[in-house]
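One chain, chain A, appears in both complexes that follow, with chain B as partner in the first and chain C in the second.
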Partner chain A sequence: MSLAVVTEHLSRWYGNVLGLSDVSLEIGPGITGLLGPNGAGKSTLLKLITGQIRPSLGRVTINGQPVTGRPELFFNIGYCPEQDAFFEGMTGFQFLYWMLRLHHFLAERAGLEAEKALRLVDLYDDRNRPIKSYSRGMRQRLKIAQAIAHDPEIMVLDEPLNGLDPLGKRKIIRLIRDYGREGRLVIVSSHVLPEIEALTRKIILIHQGKVFAQGDIHEIRDLIDRHPHVVSIRTPASRVLAAALIQQPFVVKAYFGDDEESLLVETKNRDQFFRFLLEMAAVKGIKLEEITSPDDNLQAVFDYLVGKG
Partner chain B sequence: MIREHGYTHWEGRLVERRFSWWPITRLSLKLIFKKKYFRPTYALAFLPAFFFVVGLYISERMEDFRFMVRGARPEFLAVNPNFFKNYLAGDFLLFLLIGLMTFCAGLVADDLRHNALPLYFSRPLQKKDYLVGKAAVIAFLVLTLTAVPGLIFIIIKMLFAGSFAFLKAYPWLPLSILVYSFFLTAFFCLYTILLSTLSRNSRYVAVMIFAIYIFSDLLFGFLYAWFKNPYLSLFSIKINLQQVAAFVFRQKPLQPVSWFWSFLILVSFMVLASQLVVRKIKAVEVIR
Partner chain C sequence: MKPEKKYLDAFPDERRGWPLFWQSLRKVYSFSFFLGKRSKRSRLFAFLSFFPVLLSVFLRVEQAVTADASFDGLYFFNNAILLFALQFLILILAVFYGCSIGTEDLEAGTWAYLVTRPIPRTALVIGKYASSVVVMALMVGTGIVTSFLILNFERLGQIFIYGLLLKDLAVIFLGLMAYTAFFTFLGASIRRSIFFGLIFSFGWENVIQYFPGSTQRLAIIHYIKSLIPLPSTGRFSFLTFRLEPTRPLLAVVDLLGITIFFLTLASLLFTFKEPRVED
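After this line comes the complex of A and B, so read on.
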């Protein structure tokens, strides 16, 4: 039987607060990215999918079976919650061992599988250290390890790349992509677009508790790229740079910030803009002290897409 | 690129276990045994049992110890069902309570503090498995301090006496010990777990475990001094337990109130506590 997570008219209220509204999805094997700004309802959707909370309306089925009241489904589901969830006094190995014991693994097998999972997330050398001494990135990797240790076919990972260093991020992205290639069903949530882009082409955009768009990431990316982005540049040659930039077709507006050295540029095409900026730095020797994107967060993009921006 | 999504990779070999709650119990016990003061405190909780064994010995060797027990009331050292009732429902309960507040207060509170509930419930476990797993820890501690010493007292009594006469005189006593111990266990399981779900801080829970028990007794004392109504004893957890114990051990109740009222109050509390506990465990959600 092919793997499938299906939600039908799923809604969830927290008192008067709407967490999720009328979400109907059909998620198949491979990696599906769940993208949305903070507070969009991603975690609520993932908690509903994993049966952590019950829907106010609608239902969730996994492989055709309703998720609530069926603990046996969890033999085959791995869930990585967003917030830290550990027994701090335990070592990484002990934690995974007991999590596997809860999955009905016998003692010897649980030990072997725990070691295997620790190797997969590069924590094997630190397996005997107490969790309380782990760094943020290590804790995140351990959280991922507990979701994959029992070798599930369905993985629900809530912001799995949060707090990871670039190297750790790369490693985990590769691991998740391998799982996707093997035909497992992996749902990954994030509020960072490049993270999701690195993982999959299949994405679901979620905003204010509703599914806003669903499909291929490139189509969504095109939509997003039509939104003018503001980039803030700090340079001693702000006037020279402004004069050069304003002549470019991809620049909508350029204006100075609070001081002489900061320049704010609004662009329609970020890729072309950054290419040009690097060229200016390399060829004309313009010193760039700082580059930031004040609105380079998903909330601004979503506001733009829903017509608020 | 063509991806075969129908393929599923599965190498896991799982063994179905009948008691899903057992790893939770083992894990919790392991964590409790690792606590710094567990062993000395647990040993201290057996102190009343030790004194009762000494009492059993003295009662069998009355001639040798006459110089020690001169002036004591004859029933003081009489080994009869009341002796067992006194052990299981007397002030010994305070030792039990200290054990519970020290080691069991964090059973659920620590899971709440560590946000561990999603870890449990994203595994093949139901809420009842979680609660039974936690309750089994309390049951272990309570039964090893009640039923086990109670039954051992009977064996020791027969060994000291060198005959089965005691058991012949009270053949129902082992059953009474078991029934009352299990009742006590059920009560303290629900009492402790309920309080443990009320806070993420196990210290607050520990204080509540002790304070509510003591306060209920003080409240009775205070109200009784004022109104002189024995029915006010129904406010006291300790007296309610003693009233039930008096019935189970076929003894005269301490208060002139039917044991059934005490039983009803304790059972009602247990039913209410179980409902609240299930609700509290369900209600663990993070609003985002």
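After this line comes the complex of A and C, so read on.
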């Protein structure tokens, strides 16, 4: 049977608060990105898919079987929660070992598979350290390791790249992409657009508990690219840079921040803007201390798309 | 790719339910026991469980100082140590362990790791319950056996006292099972269950047991006390005041019934438990 996660008119309320409303989706093999700002309903949807909570209306099936009350489905599902929570007294190895034992692996095999998963996420050398001594990024990688250690065909990863350093992020992105290429069904949630872009072209946009758009990321990208982006640059040569940038057609406006060294630029074409910025830095020797993009937060994009921006 | 069958203890087949349930129960028990024996809570309560030993040493020292020839270790054990264990120690342990069975993972956020495994939720509750009872029994049992040996030092050669000790340990175990099942249910059904559990333990249980007639049968402690030596006439007789014991066999059946009833209810409630969603 081919892998499929199907939701039919899925709704969930928390008292009077709407968590998710009438969500019907069919997710197949490969990587599907679930994008939405904080509070959009991503975690609610993933918890419903993994049977942790029950729908108020509608239903979820995995490979044709309803997820609620069927623990055997989880032989084939890996779930990485968003919450940073662990059995703190354990070491990384013990945690993975016991998670595999709870997956009914034989003791010896559980040990071997735990080590293998620790190697995959670069935690093997730290396997005997208590989890409470792990950094935020290490804890995140350990959460991912417990979701993949039993080699599932379906992976549900809730904000898996949160808290990872750039190197760790790249490594995990590569790992997830490999799983997608192998034909596994991977659902990844994030509120950071470039993270999802790096993983997949197939995305679902979710906002205020509803599926807002669904399909190829380029279609969404087109919508988003019409939205002017604000980029914040910190440089000692802010005035020189501002003078050069303001003459470019893709720059809507440029203004200075609270101090002399920070420059905020609004652009309607991010790609052209960044290309030009890097050229300036290389040719004129402008030192760029920091570049941040407040608009990478999807909230701004969604506000724009729903007409608030 | 699904893990190969040879790597797994359990493997789902067409007959859903029992095989996976029993395998899961074993796994949850082992996992929970591993966590339980190392937890801060267990260290704290192990210290509390050692109190009977301190009390026994104190009584022994007092006897040595006063050169009291009438000192009867068995009498002190039955009327002070055993009743302390049954009326206080197992209650306080059962409240803290039992109430947390259904809630600690939800509160700590570790719930998601457990409910997304191929493990029935009922097996999660019962496995955790079983390991908690065993951890508590080991703590209380160690203290009780040690204090028994200290108090009955002169009688260690008499075989019959070991029979009495085994019986007392069995009563403690039954008490732990019944109370922990009740508090597991309480923890799964209401908030602030530890607070209400303490009120139940030291309010209801301590008052109702002294009511005459059938009313005292509404307290779990009534059935536990029905299994221990009848009230003495000595200075500890107030502890079993007004006890109108149920027949021992019936008391055992009642305690097992209480255990099964509340554990079943707790399991059902746990099936519908949900984490708080922070999206």
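Here is the rule we use: the second predicted complex is superposed on the first by the 261 of 309 C-alpha atoms of A that agree within 3 Å, B and C clash if a C-alpha of one lies under 4 Å from a C-alpha of the other, contacts with A are read in each partner's own complex, and residues count from 1 in each chain.
Everything below uses one rule, namely that a contact is a pair of C-beta atoms (placed from the backbone, for glycine too) under 8 Å apart; a residue touches a chain by one contact, two chains touch by 3 or more.
Remember, predicted model here, so these are calculated numbers, not experimental data.
In the three-chain model built by superposing on chain A, chain B clashes with chain C. When the shared chain is aligned, chain B and chain C each come close enough to touch A:Leu106. In the superposition on chain A, contact is made by A:Asp151 with both chain B and chain C. In the superposed model, A:Glu219 lies in contact with neither chain B nor chain C. Once chain A of one complex is fitted onto chain A of the other, the partner contacts of A:Glu26 are absent, as it touches neither chain B nor chain C.
Of the two partner chains placed around the shared chain by superposition, chain B is the only one that A:Ser2 touches, whereas chain C remains out of contact. In the superposed model, A:Gln52 lies in contact with both chain B and chain C. Judged by the touch definition given at the top, the superposed model places A:Arg181 against chain B, while chain C stays out of reach. Comparing the two complexes, residues 14, 19, 38-39, 41-44, 47, 50-53, 69, 71-75, 77, 79, 81, 83-87, 89, 98-99, 101-106, 109, 146, 150-151, 153 of chain A contact chain B in one case and chain C in the other.
Chain A meets chain B in the complex at residues 2-3, 14, 17, 19, 28-30, 38-39, 41-44, 47, 50-53, 69, 71-75, 77-79, 81, 83-89, 98-99, 101-106, 109, 146, 150-153, 181-184. Considering their complex, residues 3-17, 20, 23-24, 26-27, 31, 34, 110, 114-126, 129, 285-288 of chain B touch chain A. Considering their complex, residues 14, 19, 38-44, 47, 50-54, 69-77, 79, 81, 83-87, 89-90, 98-99, 101-106, 109, 113, 146, 150-151, 153 of chain A touch chain C. Touching chain A in their complex are the following residues of chain C: 1-3, 7-12, 16, 20, 23-24, 27-28, 30-31, 34-35, 38-39, 108-121, 271-272, 274-275, 277-279.
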